[in-house]
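What follows is a group of structures, each given as structure tokens.
Shared chain: chain A. Partners: chain B in the first complex, chain C in the second.
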Partner chain A sequence: MNLSTNSVTVRFGAVAALQNVNVKVASGERRAVIGPNGAGKTTLFDVITGQRRPTSGKVLIDDADVTGFTVWRRARLGLARTFQRSTLFANLTVAENLAIAIRSRLKVGSRIWPGRLEREVGAEVSSRLEMARLPALRHRLAWRLGHGERRIVEIELALARDPRLLLLDEPMAGLSGAEREAAVTRLRALPEAVTVILVEHDLDVVFAIAQRVSVLDHGVLIADGTPAEIRANRRVQEVYLGGAD
Partner chain B sequence: MLAAGLSVIFGLMDVLNLAHGSFYMLGAYVGLTVLGVSGNFWLALIAAPVALGVIGALIEVVFFRRIYREGHLMQVLLTFGFTLVFVDLIRWRFGPQTHSLPTPPGLEGAVHILGVSFASYKLFVILFASVVALGLLLAWRRSRVGAILRAGVADREMLGLLGIDLKRVFTGTFAFGAALAGLAGVVVGPYLGVYPGMDESILVLVLVVVVVGGLGSIEGAILGSLLIGLANAIGPLVLGGFEAASIFAVMAIVLLVRPQGLLGRRQ
Partner chain C sequence: MSRLRQLRPRRWLGQAAFLVFLLSVPAWAPNRFWINVASQALIFAIFAMSLDLLIGYAGMPSFGHAAFYAAGAYGGALWALHLSSALLPLLAVGLMAGASLALVGALALRARGIYFLMLTLAFAQVVWSVLSNNQLANVLGGDIGLISVPRPVLPFAADVSLFRPANFYFLTLTVAIIVYLALAAVVASPFGHTLEGIRENEGRMESLGYPTFRYRLAAFIIAGALAGLAGMLGGSFNFSATPATAFWTTSGLAMIAVIMGGSRSLVGPAAGAIVVVLLQLGLSSLPARGLAERWQLLLGVVFIAFVLFLPGGLYGLLRRRAA
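Then we have the complex of A and B:
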């Protein structure tokens, strides 16, 4: 699934969170978006998912204009995302969380007698927990999970939609070294057809996963290129690599 | 039954629906009308929730959908407006007097248990409400739709991102809540009577139940109803003529100890 933003601008009153941002992500590409805090990375995600309408500009998915689409309509096209904040349904178990995403994908909800499909849902919940190396947590309520476990279940929840475009907002924040390695391995094992856009502060993770990197600063796209080009870019070094981060 | 609908509507959709009492009143009048035409109580018991489900769905699609983003003040104004319109419509059509729903045949008498006599119909109401409560609880905890609603109460934005059509979920929830309220209106008709203003008297009670039980939780609504029902029954015996004070005292105590309600969601 390819994605592009056409001169997307988002204003909050007098402040421009994004200014004329043009990003083109090819199908199957692994793209990282980096930039200091407040650069507009999360706002860009909100615009792509439809959680925020841009003040001006367009969002295209597979070359079709989706700017007017609702969040769930875009989700049904194959878009999934994670957040910096925890977004598991706190009062549901890990298995119930995953099952909601899987059922929505399999359209179980519209079946009157879902017997066979429900067994498929159960089996897929098990296999996903295996892949995430968390099978023991199946019946744990989400709010009882540890921070690292929660982040990994969140990624698995996004993957359970079988997305064609996956947006990950700082998935590694707060993970231990070992958890980080496991998560990187999991993400590198995604099918090649899946397009991934990743916001991440940990540049080791960014350079381990991304094929191309876009750099935002104060809502402006200041660079776009391969990891090597970005590392060599003087302006990026000034605002980001050499900066407070 | 009323509290369950109001609680889930508030928890999921973040809408304070003051017209919930009106649905209860309309249900009673639909029951009255159907009973007048057909003479069959059980038919009325089925017709009222069906009619109210349709009315609820229409109101959600035509009015509520436009004001979800407008905040609670707009919602209170709109739903309060609805209560006034509905009560006037009822007065205009049925007059201000109290009608009584006849007790269904077979349930007019009394039953003696351990030397105490109970009106059969009241026992039926208790049984009926318990069955409905149990059914709701099972659906809430075990069904696919229940899981979606519980998830929506926790984070509805995320539900949309998982590809679930929130508009349909909202309309369905609202219609189901209205249907439950309508059903309750018919069930209590035979012993509380049917009159314009029955909506207000129940609404206050239901709001207290929802606040005590905790928003967005069926378990909370059931527990809250039992507690407030007990307070309402025991209060007058202990305090003498202060039954209103007793339920608000319970609410105040619960709010002091657990501001989110007994089984309210974690923030």
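Then we have the complex of A and C:
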């Protein structure tokens, strides 16, 4: 699934959170979006997923204009995301959280009579918990999870939709070294067809995963290129990496 | 999990004992008055369970649920007065009347939280003012309402009179059990889990691909239909349908029942409804005249005590003790 934003601008009154942002992400590409705090990275995610309407500009998925689409309609096209802050269903168990995402993919969330598909949902929940090495957390309520566990379940929730375009908003924030390593391995193991866009402050993770990097500063796209090009970019070094010494 | 499995037989035993208790009410109730009180409590229990679907499961605290109860009461009364008093069509009319009005009231679904609460309250008050409008008295009976509503007639057993309190009690008990089982199936189904997800985090559900408005609408219509069913039974029980049934205090009492019983449990609100009916009766019959007239005030005090000391309601207390 490819994605592009055409001259996307988002204004909050006089403040421009994004200004004429043009990003093109090819199908199956691993793209990172970096920039200092307040650069507009999460706003860009919100525009792509439909959580925020752009003041002007367009969002295209697989070359089709989806700017007017609702959040759920874009999700049904194969778009999934994680959030900076945990958005798990706090009073549901980890298994119930995952089951909700799986049912959405199978389009069986409206059924009153569960039937055989519900057994399939249960089996898939088990296999996903195994894959994420979380089977012990199956019956734990989400609000009782530790921070790192919550972040990992958050990623699993997005993956449970078998997305074609996955947006990860600071997935490594607050993870321990081991958890970070496991998460990177998990993301690298995603099928090649899945397009991944990652907002992340940890540059080691960015350069370990991303094939291309886009850099935002004050809502403006200041650079776009391979990790090597971004490392060498003088402007990026000035505004993001703390100056080119 | 094994702990839960240990608790399950106790739960079934408790439910079976409660069923036996309900079935035996006409046998040990001292007189017809108390059988009627039990019928009234069961009708209110159906109403409270329908509200629990909205408050406890879908996270939509509605203050306008009385409108759907009134729709069922008036729909059933009009049908019975002008067309037929056969039971099954009457039950269907109650369901349809509540569901149809819920479709109109669904305008409130555009709002969330306190705004939703206020819009549903305003909607019910509009319904109340229409029902009490004396210019419509030739159809809806004005502020007196519709009176002399006949009791339903059972299919295949027309000689079993529902004017007898015990017979009407068994009818309400049967409907209450069916409503409970239906709602229990709904909340345990994928649809019920989807509603819980919407209650927990609607934005997240949308980003998972759920068209949440449709689910909230479906829950609103189901709850409205069941409230209409309770209203139809209430109209038959009282031989009348009055504008007071749509007044905000009816919604308020149902909300008190849900909170006192413990939301998100179905059984809790049903128990809460029984407690509210008994308290209403007990407090309004107090010998001290001034106190009896202010039974709502006393009910309010009891309600505050529940909120402060039993935040999970009666069901929460039982669950804590069982665990």
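Note that the second predicted complex is superposed on the first by the 237 of 245 C-alpha atoms of A that agree within 3 Å, B and C clash if a C-alpha of one lies under 4 Å from a C-alpha of the other, contacts with A are read in each partner's own complex, and residues count from 1 in each chain.
Keep in mind that, in the parts below, a contact is a pair of C-beta atoms (placed from the backbone, for glycine too) under 8 Å apart; a residue touches a chain by one contact, two chains touch by 3 or more.
Remember, predicted model here, so these are calculated numbers, not experimental data.
A.B. asks: Taking chain A as the common reference, can chain B and chain C both be placed on it without clashing, or not? Answer clash or fit.
C.D. replies: Superposition result for chain B and chain C: clash.
A.B. asks: According to the stated criteria, A:Ala101 is in contact with first (chain B), second (chain C), both, or neither; which is it?
C.D. replies: After superposition on chain A, A:Ala101 lies in contact with both partners, chain B and chain C.
A.B. asks: Considering only the touch criterion stated at the top, classify A:His139 as touching first (chain B), second (chain C), both, or neither.
C.D. replies: A:His139: touches chain C, not chain B.
A.B. asks: Regarding the shared-chain residue A:Leu92, is it in contact with chain B (first), chain C (second), both, or neither?
C.D. replies: A:Leu92: touches chain B and chain C.
A.B. asks: Which touches a greater number of chain A residues, chain B or chain C?
C.D. replies: C
A.B. asks: Should A:Ala75 be classified as contacting the first partner (chain B), the second (chain C), both, or neither?
C.D. replies: both
A.B. asks: Identify the residues of chain A that lie in both the chain B contact region and the chain C contact region.
C.D. replies: 49, 51, 70-72, 75-76, 80-81, 87, 89-92, 96, 99-101, 103-105, 108-109, 114, 157, 161
A.B. asks: Can you list the chain A residues touching chain B in their complex?
C.D. replies: 49, 51, 70-72, 75-76, 80-81, 87, 89-92, 96-97, 99-101, 103-105, 108-109, 114, 143, 157, 161
A.B. asks: Provide the residue numbers of chain B that touch chain A in the complex, in ascending order.
C.D. replies: Interface residues on the chain B side: 144-145, 147-148, 150-151, 153-155, 157-166, 265-266.
A.B. asks: Residue numbers of chain C touching chain A in their complex, please.
C.D. replies: 1, 185-186, 189-191, 193-194, 196-197, 200-201, 203-212, 214-215, 218
A.B. asks: Per the contact definition, I'd like the list of chain A residues that touch chain C in the complex.
C.D. replies: Per the stated touch rule, the residues are 49, 51, 70-73, 75-76, 80-81, 83, 87-92, 96, 99-101, 103-105, 108-114, 118, 121, 139, 157, 161.
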